[in-house]
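Going in written order, the chains are labelled A, B, C and D, and every chain counts its residues from 1.
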Amino acid sequence: MADILLEGRDLKKHYPVTKGLLQRTVGWVRAVDGVSFTIERGKTLSLVGESGAGKTTVAKAILLLERLTSGTILFEGKDVYKFSKSQLKMEYRPSVQSVQQNPWSSMDPRMRVRDIVAEPLVVNTKHTKEQIQSRVKELLQQVGLAPNHADYYPHEFSGGQRQRIAVARALALNPSLVVLDEPVSALDVSIRAQIMNLLKDLQEQYNLSYLVIAHNLATVRFMSHNVAIMYLGQIVEYGEAEEVFNRPLHPYTRALISASILKLPEDDVQGVQQIILSGEMPSPLNPPSGCRFHTRCVEAMDICSKVAPEERVIGQQRVKCHIYDDPSVQSALSSGFQPGTEGRPQPS
Amino acid sequence: MVRFIIVRLLQSVIALVGIAMLIFVLVRVSGDPALMLATATSTEEDIQQIRVNLGLDKSIPEQFWIFVTDVVKGDMGESLFKKKPVTEMIAAALPNSIKLILPSWVVAMLGAFLLGVLGATRRDGFLDNGVKFIAILGQALPGFWVAIVAVFIFSVTWQLLPTSGLGGPSHYVLPVFTLAFFLLPGMMRLVRSSMLDVLDSEYIKLARIKGLPERMVIWKHALRNALIAPLTVAGVLFAMLITGAVIIETVFSWPGIGFIVVEGVLARDFPLVQAIVIMVAVFVLGINLLVDITYAYIDPQIRYQRT
Amino acid sequence: MSNVILQVEDLHTSFFTRAGEVKAVDGISFYVREGETFGLVGESACGKTVTGLSILRLLPEPAGIIVGGKIILEGKNLLELSKKEMREIRGEKISMILQDPMTSLNPVYTVGDQIGESVRQHQHLPDDMVETEVVSALRLLGIPAPESRLHDYPFQMSGGMRQRVVGSIAMSCRPRLLIADEPTTALDATIQAQYLALFRDIQKQTDVAIIFITHDFGVVASICHRVAVMYAGKIMETASTSTIFKTPKHPYTSALIHSVPRLDRKDDRLYSIEGQPPSLLNLPPGCRFAPRCPDVQDVCHKQQPPEVEIGEGHTVSCWKVK
Amino acid sequence: MQEKDSDPETAAKPVISGLSRRARIMRKLTFIVPVIILSIIILVAIFADLAWLGLPDVRLAPYDPEKISMRDRLMPPFWDEEGSTDHLLGTDKMGRDILSRLIFGARISLSVSLLVILITSFIGTVLGIMGGYLGGRTEAFLMRITDISLAFPPILVAMLLAVSMGPSFTTVVLAISLLGWAPYARLIRGETLRLREMDFVAQARVIGTSPFRIMARHIFPNIINPLIIIMTLQIGLLIITEASLSFLGVGIPPPAPSWGNMVNDGRNLVDTAWWISTFPGIAIALVVMSGNFFGDWLRDTMDPRLRQL
């Protein structure tokens, strides 16, 4: 069993929809509806999906910025919601840090870089001023910035440099897990590569676990060991990154890959057929019945609109799709059959 | 929409009760009216007797309860000096106030919108700097001083207009324009800045991309969106004028609400002052609600959100 | 070969700010043919959006000024037209799609109004005819049930649907040239794929020429026929899309493509260009990319390289290429 | 709708403010002139007399502002034939020297405004930040107070207090401050709501920073700009309010030479002794205009986004 740092079990976050005079609750927006995953120590799990998938809500729940409606978060096996205030302060908060998406708003414009990077230490430790300052200089060096940058204000830096400062701040308390919410999507292409390489090096150097929230599949493939494809609050496919990308099982995963892959019209990339989804993204207010993807799925069957699919385990991958209800299809698949390119596997 | 109105009404009632309590206590604390009524010869017992029949001997919460029950019955108490029901006096003064405030408000709003929009569309042009100068001048000159100087020039030296008091249309000119001159600058700056924000938006850029003439871009697309913020302030401004125009009313001895409030306070006629403040509060909160409802007609999204 | 719709020759656009002259576009030339999608690709502040705005002469007043060059549309130099003549061209001959669908539509008017407005402005049709034009524009962009949707307000629509409405506005008068400034950047991947497929069809039906401005190479690969790679206000290389991806000649182009993470393979380390893009206030004398270029020679620091044509429609501005 | 791949070019567009040359000179003027006027008046107010240094009779003003000399009453300014250089700006109906009263009036008006600004900005900021950041009851309480303050123009409140506690310097300060903090609270609350949504506040919460430290260390430093701008704009408004109160007889009690009293003195002598009301009126206008010009300049240089102030 891999060394599991943090586990999410059947996480749910529902927002009440109220109407009428007395604010009667008439429905629920099930932003996160039964999501389970594990983050292994030193490894990266990515939550991938389009807007409304609920990936940012999951990240906020782990950072304790939002309270879950139900489900448990286990940190090193212990239920986080049962942590006492001091346990939270001593054990959980220092070991779980985050880097936000927008470099222009994730730093207090009125503070110098020295104070920004030092704040986690000032709030959580009793170190002296000198100790903190030397630690700050060390952190800046690790993220590729010069020690004298500590005296500048955030607006004097480029987007890429600011993300480096954000990473330095996240490392201040030697965390074991860093939640990266769209860490590079606001950056230029060339700067993106610099930051992604930096994050990977730091992961190897400090055995850090990452939870990456992203919508760009190529970035995810480069960063992740495991990946969870999310759609409208549910995980539709979960598994090791290489397997999911080489052999996508769920029709939505295939559509996402087809839409994100960098492919010239005249070339044909092995194993990826051109899928253009129809219809609009359904609103989370009233998600489609049965399988939530059936309204846009190219391979939708009539059962899909009635019954929500069970989660099936095929090889190392977990998938929620009625295609795989038929056991013979499962066995065909587990013997290395490549779905998608030759159309749906015919039950033997 | 109904739910929204009811919630807003509830909030207004809470605020009204707050105002009533505040003024009730403030008036009681500000000196003992009985003394004002007592003549030089009245003895200690007489004064005590006055207090009793005015009900001032009871504790303030008790007095407040009695006052509330009276108000519900429509009786807001009697003016100590004019010996007339207070509601009567208000009914006489309110129309005069409205006759002064409404034209000034209309003149000020029209002026503010016109100059604000023109100022915004010709940035740093001659007009824009002119508009800015009037705005600063208007806010700088104290209302009462402008009134006095206006009276001096138009009534005294040129004898064109009457110096004060109610009467024919010529009586309105000076008070209305001095009050409008006081209101104009604040509103003009607000309209100008709201207009500048809207003109920076993407849909205005798209309107120009469509090849629409500039006047259509400004008067059709930009203005309607820029109306929203200034509208709330305009509504509130109108309501506040009821008591806010007190200076202009005193200078022109215009028998409006402001005028009788000043008299009421100086004479410690607390039933009158109480009634006026509460009546004004109802007026202010009512206009506030009216403004919120008209919001819906300007911005369809708010209309949908609130149904 | 279809004929050329737009010819841009040595275009110079600068912003005059308190801090000095920002040379946003410093001498670029390119042409766009009928029925062709020409990509303007580059990182932020490379001048691609400013180029689009210069063509429509909609630069922010009073700072943005076109200081030189020609923009020729069907034989007429747009820079010599009067304000009134230019206004007739906007929306009728050339139209534009902006980046963020959430803010491009006026929130207080219905979708039908906003499309009908440009039809009325340019085609002077009676009202009943305007409505049929609006419905046909909505149908062209694949919006379901156009007859009812035209009464909706923008806030009642998803991002993808609003961007189609902006597309309908742009195509309502069947322009000769459409400038699309990052139209899919704010959309999700699958919705983006839908939008790009839609415009490929529209181009087949209407033969409209498209200038597609983007920073995303995936978008370039899926919709552009020819591409110009821009850096700090200049065009580094112009070529057909497959040449740009397969056999780029300019060091910046190959470095840029090389640093894009690939979905079809697993890299353990990404190639990244060191350093930062130059500030447009004080540009280096020689080639703009010299400070960051892996194949830099000392002539690159002294003099700007000429634009050299090295193949059919393939031009490069680099001293390494003779 | 979460933004995908927002194109960094739009986010990092260079700040382009192409003011023409003439506009740039105008901008410099709107800074230098008001600063000069304000500093002159502040100096005049401080050195009106050195009583606060224990030298009551050493003073800048030519005469004691309250010295009555009926002999030279209603004397016009010196450039008038009946005027004399003893009383440069003439005298009022009690023969008091207008210039000296103006100088001492400056001290009164400025001290009232300064004191009120300090009180109202403090209360407004504290309640604004707490209302904006903590929300819930504090915010509901705050919103009701702002509703109430709409129905209570400062003049009415001032009159009530003046009548009850007797007109005095403290009454005026208290009256204006009682509800004067509402505009500060409203604006600071709006700014706090905007800041609360920004990532760096969420970031501070993630590392376990206490709400108090977030308000003090992150929210407060970021609202200092709008706060300073309102304070400068308030200078003018408060001087007018003080003058209006004195004009209505509920402000600083005569014979103290507040500018409002002086305008009131000359109120019905406008045709015969125009200078009695005119000079204080000009003084008020000068100070208020400088305050507003300086406030505008501050706002444009510090944070143009706050245009609507």
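Just so we're on the same page, contacts are C-beta pairs under 8 Å (C-beta built on N, C-alpha and C of every residue); 3 or more make two chains touch, one makes a residue touch a chain.
Since the structure is predicted, the reported quantities are computational estimates derived from the model, not experimental observations.
Think of each touching pair as a link: the shortest run of links from subunit A to subunit C has 1 of them. Chain pair with the larger contact count among A-D and B-D is B-D, by C-beta pairs in contact. Separating the CA-averaged centres of subunit A and subunit B is a span of 55 Å. A straight line joining the Cα centres of subunit C and subunit D is 51 Å long.
Look at where the CA atoms of subunit B average out and do the same for subunit D: the two points lie 22 Å apart. Each of the following residues of subunit D touches two or more other chains: 1, 4-6, 8, 11-12, 19-20.
Multi-chain contact residues, meaning those touching two or more other chains, occur in subunit A at positions 50-51, 158, 188, 215-216.
Contact of a single residue of subunit C with at least two other chains is seen at positions 43-44, 158-159, 188-189, 215. Contact residues on subunit C toward subunit B in their complex (touch as defined above): 56, 58, 87-92, 95-96, 98, 100, 103-109, 117-118, 121-122, 153, 155-156, 166, 169. The touching residues of subunit B, when paired with subunit D in their complex, are 11-12, 14-15, 18-19, 22, 26-27, 29-31, 124, 129, 132, 136-137, 139-145, 148-149, 151-152, 156-157, 189-190, 193-194, 196-197, 229, 236, 239-240, 243-244, 246-247, 250, 261-262, 265-266, 268, 273, 277, 280-281, 284-285, 288. Of all residues in subunit D, only 19-20, 22-23, 26, 143-145, 147-148, 150-153, 155-157, 159-161, 163-165, 236-237, 240, 243-244, 247-250, 263, 267, 270-271, 274, 277-278, 280-281, 284-286, 288-289, 292-293, 296, 307-308 touch subunit B in the complex they form. Subunit C meets subunit A in the complex at residues 43-44, 158-161, 188-194, 197, 215, 217-218, 221-222, 241-242, 245, 255-256, 259-264, 266-274, 276-277. Put simply, subunit A touches subunit D in their complex at residues 50-52, 56, 63-65, 88-89, 93-94, 96-98, 100-102, 104-111, 119-120, 123-124, 158-159, 169, 173, 185-188, 215-216.
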